[in-house]
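Each of the two complexes below includes chain A, the first together with chain B, the second together with chain C.
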Partner chain A sequence: MKRKTFLSGLLEYGGLVLVLVLLVSVFSLATDHFLQWQRLQIIANQMPVPIMVAVGMTFVLIIGGIDLSVGSLVALSSAMFGLVITNWGGNVWMAVPLCILVGTLCGLINGTISVAFRIPAFIVTLGMLELARGATKVATDSRSIYLGKTVEGLDAPLPWLGLSPAILLALATVIIGQLVLTRTVFGRYCIAIGTNEETVRMSGVSTKPYRIAVFAGSGFLCALAGWAYVAKHQTVDPNAATGIELAAIAACVIGGTSLMGGRGNVVCTFIGVVIISVLQSGLAQMGVPDAGKQMITGLVIIVAALIDVIRIRLTGGKTQ
Partner chain B sequence: MKKLIVGLLLTLVSIGGCGENASPDNSANNNGSDQKPKVALIMKSLANEFFSTMANGAEQHQSENAAQYDLIVNGIKDERDLSRQVALVEEMVSAGVQAIVIAPADSKALVPALRRASEAGIIVVNIDNRLDRNILAQENLTIPFVGPDNKAGAQKVGKALAEKLKKGDGVLILEGIRTSFNAQQRREGFQQAMDQAGITIIDSQSADWEMSTANTIAAAMLSEHPDAKAILAANDSMALGALSAAKSAGREKDLLIVGFDNISAIQQALNDGRVLATADQHGDQLAVFGIEAALKLIADPESTAEDVETPVDLITAESLPQ
Partner chain C sequence: MSQPTRFRARGLTKRYGKIEVLHGIDLEVGAGEIHALLGANGAGKSTLVKIIAGLIRPDLGLMELADQAYAPNGKQQSESAGVQIVQQELSLIPNLSIAENIFFTKLPSRFGWVRYRTLHRDAAIALKRFGLHDLDPRTPTSTLGVGQQQMIEIAAALNQDCRLLILDEPTAALTATETDHLFTWLGELRQQGVSMIYISHRLEEISRLADRISVMRDGRMIGTYQASELTKQQTIDLISGTPEEASADKPAFEQADPQTASVKPFTSYAQANPLMSVEGLCGSKIQDVHLTLHRGERLGIAGLVGSGRTELLRAIFGADRCTNGSITVGKVRRQLGFQHPKQAVDAGIAMITEDRKHDGLLLSQSVQSNLSLASLKHRFSRFGLIKRQHERLSGSQIQQQLQIKSAGLEQSVNTLSGGNQQKVVVGKWITHQPEIYLFDEPTRGIDVGVRNRLYDLFESLAQQGRGLVIVSSDLQELMETCDRIAVMNAGRLMSVFTRGQWSEEQLLQASFDASASSDETAVEGQA
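Presenting the complex of A and B:
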């Protein structure tokens, strides 16, 4: 029995891990200083923002939705964080709750409007993308705001580990996300809603609260990511996380999440983010010219998705 | 809130302008002698602090000289959204403005639209990003350029850095978007300053003007080239990204970083000694210089359009007001 779980685990994550191992090997051979503990720590410490955004995106995709507003929500919540500190003279512990409140609220609005009025999430979140980015610019007067060392907390690496609290927080969201998805009624309903919402409704379950909660959760995770962004750069950047929605969706799809809903895995999404981040860092370290970086990134996304499809065929369509 | 209202008004103005296109109003606008001239300022992304500062400077100048001219400010959402900027030029032409002052998002692609504007009798002044001289010559077009010499500015910054380094030291460069003329000029300015001082450029990559991209790339370059002594960033956002990369590589104390643009966020870092130098091209005055050149041409149509070079100053912790 145990052997069987090990095998299925190997099959489930094997393809993605293989891609990752390949990338790391290539970069280790092509550069002098890639496979070093300190370098890997730095790459890891760069990842909290995309990880947290992608975890939320995984749930949104699983219920058959999409959230295009994530980048703007990261920026808006980080702007709120900055305002508390610069304009209202608050400290980090006052800034964090407000930052989280803003992100979650925006997510809640996304979910409520799309569910209550049956407007496709694509349109509502596209609207929120513009709205929240515009609001960010109003809040920051379109300027980056320097906050200084006091906000570094979440990004300061722990001395005995070399990793920042931000990446640990991001890993916690991955683990909690995966447990919620696989071990709770909520997670099961999310998958059921993505597979066939009609059936869920006919079996007497109201799907609306679940759908709204998933969007609110995505907003919440964006706010955590906004906090991590501010901690990393110690600056509020009105252009923060522009375009991250596509990177997050790419990470989910690399990790085998279906854009049609009903299928997804938070740990696989996490590996997808790691693949994209390692790729970016490795290519920069090799000094690959810009155009080459873009072409290779595109190629790896397609190949990783292909490997995942082959993996699904091999396991006979067993995807959870 | 104010911005929202201004935005709404601008939309109304441009819609109104389109309607006016075929009406006789247009000719009334063109013989602007009995009426104050309308100047359109077309910017790149107003989300970029540099351009929003520029636009604010222009709006302030207009409010101080409200009797002399009217100003319409427009920007695009994304710096690379060329087609929107071309559309803005066309909208401003049909809105019946007398002059267009433009910071082109691309030094080539905007030329045809500006030629049509110029043929419609509108005075065009180019600011910030210089239009391609060869293409202007091909199109038989003279558009004056009013702006700073980015190359000279980058050289000043590079020189200030070189004074802190020794001959034979290695440095890294974070470039802007490579297709942009300013990015190329700043890169060349950095290069010349380093060449003159006998300093080696170990690696130079584009970080698309962005903070978090710069962080990823600077961290990668610092790992691969731990002997690098400094990072030259082609704008301040990227310098801030390099700063957080230096921090995570444990090089915060000894790695020297320079930027360009003198945005307010960098001034703190200059004061803290975490960034060595930046360049100020007086962004708030750039559009004003362009508007003044345009007004001069409107007042005296016989005068020839001449390029105006605006100042670029080196900014260090010492030169900042404490």
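Presenting the complex of A and C:
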């Protein structure tokens, strides 16, 4: 029994880890300084925002939903720092709660409207994407606001580790997310709802609160990402995190999350984010222009989806 | 059989991954022959007919149709060769009308525009031929009950050029009249020289209909026999492969034979105190239903397909809204019943739904996840964390108790056979330990072995003082297993029969009579 779960675990993560190792080896051979602790630190310190957003997205996709508003929610919640610090003369610790509150609230609105009125999440979150981005521009007066070193806290690398608290926070969301998904009633219900919501309902479970909570959770994680964003750039940017929703979905897909719902894994999503980040910075270091980076990243996403389908067929899942 | 051979298969073999599910199957079907294919769940019948119908390809083996090599790749090729299949799973397109579904592959058209007038006229003729004249061909199939949908599906298959017709459990959702219509129709087709492969678990049907019988077991063909030469007992032993198969020991037969199970004395565990009472319940398709379920009682609900049996269970379970009436469970009386299945489950009610793939199972998930789905919160968690050891322990107990055949609790449910899937659905609720079980067609499309196991389960649940409501189209089944049988009819619960005071004729009579008299109210109710 133990062995079997180990084997299936290997099958689950093995392919992704293999791809990652391959990428790192290729880049180490092709460039001079890729596999250096410093270089890897830089890559790692870039990842908190996409990791946290993708963790939330994994849950949203598992219940069969989608959240297109994540980029705007990151921007809007990070804009709270600008409001509190420059406009109201507050400090970072007054800004953080407001940032979290705004992000979570927007997620809650996404969930409530799509669940209560049975509007596809695609449409509601598309609306929120525009709404929150517009609100961000109002809050920032459509200008970048430099906040200075006071907000750097989360991003300042810990001297004994070289990594920032932000990446540790992001890793914590991965671990907690995975535990919630696999070990809690909430996680089990999410997978069940994504598989067949009617079955869950007919098993005596009210599914609506769970679906709303997942969107609220996604909003909460966007707010954390917004905080990490401000810490990293020390700036509030009305155009922050534009297009990150697609990067997050791509990471989930590379990690084997089904867009149809019912299947996903937070750790795999995390590896997906790492693969994209390594790919991006490795290609950049090789001197590949942006256009080429974009094309290669797109290719990787499609190949990942193909591999996933083949893997499911091989392991005897239902092929359809 | 003196007829020439219409269809011949040699050495058909099919593997899924490493598992071989068909081991070199041979089969011959004559022209104008009804050839019954029997076997327990998981024997490989469905796989075999799917190969014949071109839905899946064999790994080995050859087929011939009318002395021509036949190797269909896809449903279109098999259909153009004249092979039609009506599967257990409904394959109608719900948003299209009856007419569009029947003529789906050859819609009458001019320059690409569908000629609806011709279509509806032809469809009406097709429906009439099949005894379905009360259906409007323009109706979307999604609004029909499962039984009616099944009839439409058969009508659609029969409406095409057909040399070999494959019917997989066609009567599972049909009522007695509908079944009679179907049989007459099949008889006519035989006269016209159409060959048929007929899968059914109902042995009476087989003896009524079949010319020859082929029996499969564990992916092998056991043999082909003249229908007239096999007794029911022999057939059942061939299917189940009991050791008594070789020896002709009479008493051993009798135990294995479900047909004589009514000989086995019925013990009633019904007590006097009521568990649930339903008063004046109204909802979509049900009207003013009164019923009382006692502790330890097995209450059957008979009635024609579309008479509101499923709707009644759904209304009690809180899955559909009630417009009037009340439900009392224990001492709590609830006006308008339950608002959500959650409330019903919390009050101790379980519902085993008719269509397990639609709302009974999480198909792509593991046996374990399915078994604990209804009880996760109450039994297997603390502070929201799942107690996995606890869950697994209960899972393996249930698996053992119901003899769910799977390669462990982690196997995904969609790889199990229909019977085992049904056991998982039942197991989900046994795990929850409710007081009241609502069964909707629990044995539909399920082989004799699993069926008898379910009957035993009904009995032991009753013995524990639980109350069971069992909806079934199989009167024999209700008469074997129930203390009382209520007959539903156009949304009303008309008459209730007590054990010993019923006969099949009376029950049928009640299903039909009232439907004639209360037709008008049913129409009013819908309007």
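In the analysis below, the second predicted complex is superposed on the first by the 315 of 320 C-alpha atoms of A that agree within 3 Å, B and C clash if a C-alpha of one lies under 4 Å from a C-alpha of the other, contacts with A are read in each partner's own complex, and residues count from 1 in each chain.
Basically, a contact is a pair of C-beta atoms (placed from the backbone, for glycine too) under 8 Å apart; a residue touches a chain by one contact, two chains touch by 3 or more.
Since the model is a prediction, treat every value here as computed from it, not as a measurement.
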So, on chain A, is it clash or fit between chain B and chain C?
fit
Report for A:46: first if it touches chain B alone, second if chain C alone, otherwise both or neither.
first
When the two structures are overlaid on chain A, which partner does A:211 contact: first (chain B), second (chain C), both, or neither?
neither
Per the overlay, which chain contacts more chain A residues, chain B or chain C?
B
Does chain B (first) or chain C (second) touch A:311, or do both, or does neither?
neither
Taking the superposition as given, does A:201 touch the first partner, chain B, the second, chain C, both, or neither?
second
Is A:280 touching the first partner chain B, the second partner chain C, both, or neither of them?
first
For the overlay on chain A, what angle lies at chain A between chain B and chain C, C-alpha centres, nearest 10°?
130
Contacts of A:186 with chain B and chain C, given as first, second, both or neither:
second
Once both complexes sit on top of each other, what is the least C-alpha distance from chain B to chain C, rounded to whole angstrom?
35
Counting only contacts in the complex, chain A reaches chain B at residues 31-34, 36, 38-39, 41-43, 45-46, 49, 133, 137-138, 141-146, 148, 155, 157, 229, 232-235, 237-242, 277, 280-282, 284-287, 290
Per the contact definition, I'd like the list of chain A residues that touch chain C in the complex.
4, 183-186, 188-189, 191-192, 195-196, 198-206, 262-263, 314, 316-318
Applying the document's contact rule, which stretches of chain C touch chain A when the two form their complex?
16-17, 317, 319, 340-342, 344-346, 351, 353, 358-365, 369, 373-374, 376-377, 381, 384-386, 388, 408, 410, 412, 414-415, 428, 432
In their shared complex, at which residues does chain B touch chain A?
1, 3-4, 46-49, 52-53, 178, 203, 205-206, 210-212, 215-217, 219-221, 223-224, 226, 237, 240-241, 243-245, 248-249, 263-269, 272
